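Residue numbering begins at 1 within each chain, and the chains themselves are lettered A, B and C in the order written.
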């Protein structure tokens, strides 16, 4: 199995970070198989969405609505609303597996691979890419 | 890796399409491994649910409630509410990986594999099936 | 492919069951690859979250809010609110795939693998673990 870890800067604001180009590069020349994308953090998730037409902000607004910051969260260390950040990965799983055909992730035209990080307390994130072939 | 693409007709209304029989057929005689199901679209997702007892409609009603059509979506091309369709795949991921044992997906008795497509603007959809063995 | 089935007791109350130690043991000495965790049930899901600081209860409270028990569910057999249990696996998928490096799931420090079971009518659950290497 080929595996490597990306280092991302996600900053202090809720962020949607496109890593499609990183995954494309990782898969080059790897032929047919499955690529697994994995975020080893408890307050970040992954999604496959269109970007560049407003959906990034729509997604963050939806998550803010579904994971109400003012809820009386039991998990209370960190910044206000940090309890919500810890529920995020249950809804947006930190693992995605995508087929690779002829060295390219078989994404649709409008799909991008994004890391979603609501957490204000972590500036940097890792993403592990792993490729398995037959 | 064995891989093939299904063509589905999903129509103009929000739809839950059962593809379990297609995945069963794809896995026949493939022995032990993992089957990956992947929808290469930005406004459709996958789920593993019981069908035939009302849950398909319960799921569509829940999604309508969670992704309110009247929200002021930034993504605004397409039909009314199309901004919500673009958030769907963050909640219902377009990729699922299922173990295959003796040429059969190891599904529970009440699990079916469904494509969920809220989008009124796309009549046809693809699903890529990929099988990897040891 | 190495595959095995865990038997869990989840009880009559909504439950978040940590299976990280089971997955760790399963992966011992398996080298590099992907481990797939799969729940063959229509009213349970999986998540990767921090446990021990209140997030288990925050997650159950969030699910109760998002999947309102009083909703007029079409699916109506079983206990009150059982219709909601059937929508759960669409939001918390019953399948997760995690990279394994040197015989250990490459989890982050704060990530645990949990089974989430809202269902009051099933006391026991299965989880299938499967490992695929290059």
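The definition used in the following text is that a residue touches a chain if its C-beta (ideal position, glycine included) is under 8 Å from a C-beta of that chain, and two chains touch if they have at least 3 such contacts.
Every value quoted in this text rests on a predicted model; they were computed, and no experiment measured them.
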item: Rotation, 0 to 180 degrees and nearest 5, that superposes subunit B on copy subunit C via CA atoms; value: 120
item: Same or different residue numbers at the subunit A/subunit C copy interface, by half rule; value: different
item: Rounded Å distance between subunit A and subunit C, as computed from the means of their C-alpha atoms; value: 20
item: Residue list for subunit C, restricted to those that touch at least two other chains; value: 34, 66, 91, 93, 97, 132-133
item: Residues of subunit B defined as touching subunit A within the complex; value: 1, 3, 34, 36, 38-42, 66-67, 71, 73-77, 83, 86-87, 89-91, 93-95, 97, 126, 128, 130, 132-133
item: Parts of subunit C lying in touch with subunit A, wherever the complex brings them together; value: 32-34, 47-50, 53-55, 57-59, 61-62, 66, 91-93, 96-99, 101, 106-111, 116, 132-134
